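Provided herewith is a single structure, encoded as structure tokens, for subsequent inquiry.
For reference, chains read A, B, C and D in written order, and residue numbers begin at 1 within each chain.
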Amino acid sequence: MKGNEALAYGALISGLNAYFAYPITPSSEIPETLAREFGSPEHPEFRAYLQTSSEVEAINMVIGAASTGARTMTATSGPGFSLMQEGLSYAAAMELPFIVVDVNRAGPGLGNLGPEQSDYFQATKGGGHGGYRNIVLAPNSVQEMASFPSLGFSLAFKHRNPVVILADAFLGQIKEDIEFPEILPDQLETSWATTGATPERRHLLLSLHLDFEDQASHTEQLGRKYAKIEKTEARSEEYMTEDAEIVLVSYGIASRLCRHVTNQMRSAGTKVGLFRPITLSPFPSGPLRNLADDGKKFIVVELNMGQMLEDVRVAVEDSTRVGFANRLGGLLPSSKEIAEKVETMRIGN
Amino acid sequence: MKGNEALAYGALISGLNAYFAYPITPSSEIPETLAREFGSPEHPEFRAYLQTSSEVEAINMVIGAASTGARTMTATSGPGFSLMQEGLSYAAAMELPFIVVDVNRAGPGLGNLGPEQSDYFQATKGGGHGGYRNIVLAPNSVQEMASFPSLGFSLAFKHRNPVVILADAFLGQIKEDIEFPEILPDQLETSWATTGATPERRHLLLSLHLDFEDQASHTEQLGRKYAKIEKTEARSEEYMTEDAEIVLVSYGIASRLCRHVTNQMRSAGTKVGLFRPITLSPFPSGPLRNLADDGKKFIVVELNMGQMLEDVRVAVEDSTRVGFANRLGGLLPSSKEIAEKVETMRIGN
Amino acid sequence: MKGNEALAYGALISGLNAYFAYPITPSSEIPETLAREFGSPEHPEFRAYLQTSSEVEAINMVIGAASTGARTMTATSGPGFSLMQEGLSYAAAMELPFIVVDVNRAGPGLGNLGPEQSDYFQATKGGGHGGYRNIVLAPNSVQEMASFPSLGFSLAFKHRNPVVILADAFLGQIKEDIEFPEILPDQLETSWATTGATPERRHLLLSLHLDFEDQASHTEQLGRKYAKIEKTEARSEEYMTEDAEIVLVSYGIASRLCRHVTNQMRSAGTKVGLFRPITLSPFPSGPLRNLADDGKKFIVVELNMGQMLEDVRVAVEDSTRVGFANRLGGLLPSSKEIAEKVETMRIGN
Amino acid sequence: MKGNEALAYGALISGLNAYFAYPITPSSEIPETLAREFGSPEHPEFRAYLQTSSEVEAINMVIGAASTGARTMTATSGPGFSLMQEGLSYAAAMELPFIVVDVNRAGPGLGNLGPEQSDYFQATKGGGHGGYRNIVLAPNSVQEMASFPSLGFSLAFKHRNPVVILADAFLGQIKEDIEFPEILPDQLETSWATTGATPERRHLLLSLHLDFEDQASHTEQLGRKYAKIEKTEARSEEYMTEDAEIVLVSYGIASRLCRHVTNQMRSAGTKVGLFRPITLSPFPSGPLRNLADDGKKFIVVELNMGQMLEDVRVAVEDSTRVGFANRLGGLLPSSKEIAEKVETMRIGN
């Protein structure tokens, strides 16, 4: 099964109620799969599927549906993700739980359909205005493409916060065997949802706080929520880091290449390991700092000009021990290139 | 003269040719002033002024005008800036020179009209897709509001890169005396501009690079440009930093408060100083690192939940020496709050 | 049951599959009723309900759904109906069957919510470009509001032509008892529909005919269809016309007033009758001409400045025998006003 | 000079201040010519030229500019004209003077670029809601394409009413020598215009009349205006009608063909004449009725399925004396076809 298809089925298994999006390669198998499944008696709870006239419309429909407590998802690629930034800021302020899938393509502007990781900043630092934070999940296998919608809805509803699944053109297209995740419980916490005006008008979701103190206390509350998420939800995976001199830091499709390099170099006796952030936001600084405290060196391998690199530098606090390897334009660095960087840094030790 | 008015006149003096925007408080005096001046015989080169039907349309008209080599500007606030992120990514890829003014308001979503600095990440890290970089200028006086359009056009055309002037609701509204800057030369470098199809079709501005190698070399070229900008265009201002134990790091309206605190505490004998980034992107890491090398401590004072803080941490590489003070929602911290942070950190020494 | 509600239920009973509209008074009870019923197990075939972002979008979604053979409806009032005119022209060219409900409000522009009949020309002559013809039904009771969706779908699919139900603010709001019509057969003729690309690509719905001969033969074919509809589908109702000297000609809400006047004047011995067009397009010229051949006189009673009046004049071919009574702005003429017109014309005999 | 170019220059000579449109063949030479002339010192009063993002936007910008008393024009073809119908209804209600050029193409929907006259109903009966009336001018030569903008602005401002110039693909493209019309006076009546809020707020242009009596008196006033226009502004041209047995009734490009047929048949001794409506709305019923009173017969020659035909029937009141000849799809009938119709009708006499 292709990664994009796995993600679509993963969303259905997680009880997806509504999907609004404008199709864009390399994410198109997601709407295609969902369109095929829409109306099937197997998914009675999948009640709304709409191809909107633009991504601006899509994110605003997501906001509308999510406001009712529905499990809502949209999927796009870079240009569409950019058009959603205003909506994402509103959604963050209204604390709405939903999933946005960004299947990263290459380059600013139109670019091309190749795999890049250049939307890292946009997803993790917030491409919209006002200093909010998304939860960002970075799958690196078709299995995780299938599982992360479930994890995403679970985190989104737990924290009332948008979740971004940041995939790439490669992950969307490769085929691997998968096991489907356990289904989510029927009931997630939606007591805050607006499900119809009542005499008491108990629920109001808004992002307007004209009074400065009111806005301040709202933003501070968001801040406390983000701090709690940072403390409790950061996820990462380590591979042969314990005795490693050099730790590759990499996520998504690049992390698979790095695992391959790790295996190769280990066979040759070089003490390399791999640290893979699974959540890009919150960034797993803690375990990375622990590795840094052991005196290890790091090479960040990203398919961009250096974005996660900054988060690694903040965690490691010693730029002399942080190297960088990348490729752009939809290309991947070769194992050899990475191995050479490792050797150079090791010798430099 | 109000800051927003000063900025509008500053743009006219710099030879503004075209302005496309959708008005939004707290930036509204900019379009109001330009509308009043449009058609005046004093500004014959100011040939296009249009209130567009949305910010998506505005940024795309900016792209169109800038493609012809015209000096083009738009102004907005957070929600509109978010809607421009797709266009900004395209513009970065096409290497178009123009100015976007973002008069930051408070909060994600609608928020309120108070001064905040919560669009820092969006402006400096790139709220759009694809890992490009804006040049970001942060005025802290009405004088700089008047001067930065000239500086902005100069940098934009020198590097063929969008320039963001990141102001705030406070700077837009305060009144101060100003001197107008010298006018820009009549001719900026526009040999790349598309000014009509010719048999040779010499000029083509595009952001589509279907071939991976082609996209890679395009992005690498952008990367070299950003590196050059980082090396040559970072600007900052230091105040009483030489013998300071504690250096406040602050920009925009917050930096004026910090200067006041510095003066107050110096009178009382405390060795405080102020480091003010003038360009937020490129971030003036170099001089900040020099101060860090002297063993100084830092307190970042921002009107957000901690954004420039990350750039400071990357530069200082020692989080134990980087403190943080902020206020949210359109409010400013009191001098006393900042002074107390300084004292706490000093004693903690 | 209100007229608008009756219409909504009438559509559901007729097997409505899809509804796309932007709500506008005085038609709002239609989307409200349909929204309430959407998702109910009683209407499993009602698969799509969408509040679009504008009426331009609504009509284009109607075109999309109708192209698949789905029973599709939209409802609006004057301003929205105007925005749909481009789409209606395309739909006419593609020969798509669907229902548009126009609950006529008063006045050009925004006007007000009162009952008028000023969209008669727009509906019957075609407000869009290119000289196509809609089938236009004019209900004059809540019972007909309930029955005409069924009649409308039946005519629409029989002739592959858009059907307009032209109601008014009064009919939409009054409450009367109704009996629901028999349900439509499960299968209407949809062999022309586009239900997925196939190797043979048998079905193509388009409105582009670059070749002049091709366009000519396409339009001629439409012309033959319109002629056939004119011959076979014109519907009207006569009341006490046989021995009448003066025949009121009136449709919709105005016809109910005219029936009341007829009854009143008959009681007083005046030989008045009522001719009510049920289809406004095709206009029932034949029976009207028969009455004219008997030497009768006519008074057209309309809530506009004189639109059906032209069709009556074309049929009667003697303007000295065609009088006119009207009221505007959402007002109705009084029985007395109409009775006086009758007396004046009768005496004028 | 091409007809479209002549029209553009005719508008400039008439003091055009503002042009807003989305380009569409076969009207594209109009915006092309105006774009070339925009900014020229010869037309200092031509202050706004904008290619809008759609025709909906274009007509609303026309409304905005016309509200200030500016001489405003837009040009389009059928599909764009349809998108303008909502705006035209609002403009009629607000009684705004401006010119819309519709260069009629063939067919409903996309159709093709051939000359047709199928937008007759849409232009003359009002394609928008609410029963308003446009003034509609039908040029039949490049000379009239050049002169009618001047006539159009003159009529528009005299009656505060939108004017449609209904041309066709043929007229837009043919080349003929022309003389430019006299320029319009500098000052047209614009005392009603909204040129800035004042303490007294004297001018308000609106189309909302919530009170029924208020709307009624507004519409009645429009009705009186339309009646006055009908009485004073109907224009037509007669050619050899005096002793004609058969009168061809034709406008626009078709009328030129009819003149040719008239000349041919006159040479052969047949008593044929030509009646050409110059204003299609108001329709010149009076002179046509006079010809009918003389017992003449008529053949309507139109490039549609029979639209002006209805206005001729209303005027003549004897369908046995009204014949019809047409061609569709962008084709013209041959002289021979028309001559045969004439012979058939003459013999039928």
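The definition used in the following text is that a contact is a pair of C-beta atoms (placed from the backbone, for glycine too) under 8 Å apart; a residue touches a chain by one contact, two chains touch by 3 or more.
Quick caveat: nothing in here was measured; it's all calculated off a predicted structure.
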item: Self-contact between copies subunit C and subunit D, residue sets same or different by half; value: same
item: Option in C-D, B-D or A-C whose residue-number contact pairs overlap A-B by over half; value: C-D
item: Intercentroid distance (Cα basis), subunit D paired with subunit C, Å; value: 28
item: Centroid distance [mean C-alpha coordinates] between subunit C and subunit B, Å; value: 58
item: Mean-CA-position distance for subunit D and subunit B (Å); value: 52
item: Subunit B: positions in contact with at least two other chains; value: none
item: Arrangement of touching chains [line / ring / star / complete / other]; value: ring
item: In contact (per the touch rule at the top): chain pairs; value: A-B, A-C, B-D, C-D
item: Subunit C residues within the subunit D interface of the complex; value: 56, 77-79, 81-83, 85-86, 88-90, 92-94, 102, 104, 106-112, 114, 116, 118-122, 125-132, 206-220, 222-223, 226, 304-305, 307, 310, 313-314, 317-319, 327-331
item: Residue ranges of subunit B in contact with subunit D within the complex; value: 39, 47, 50, 53, 57
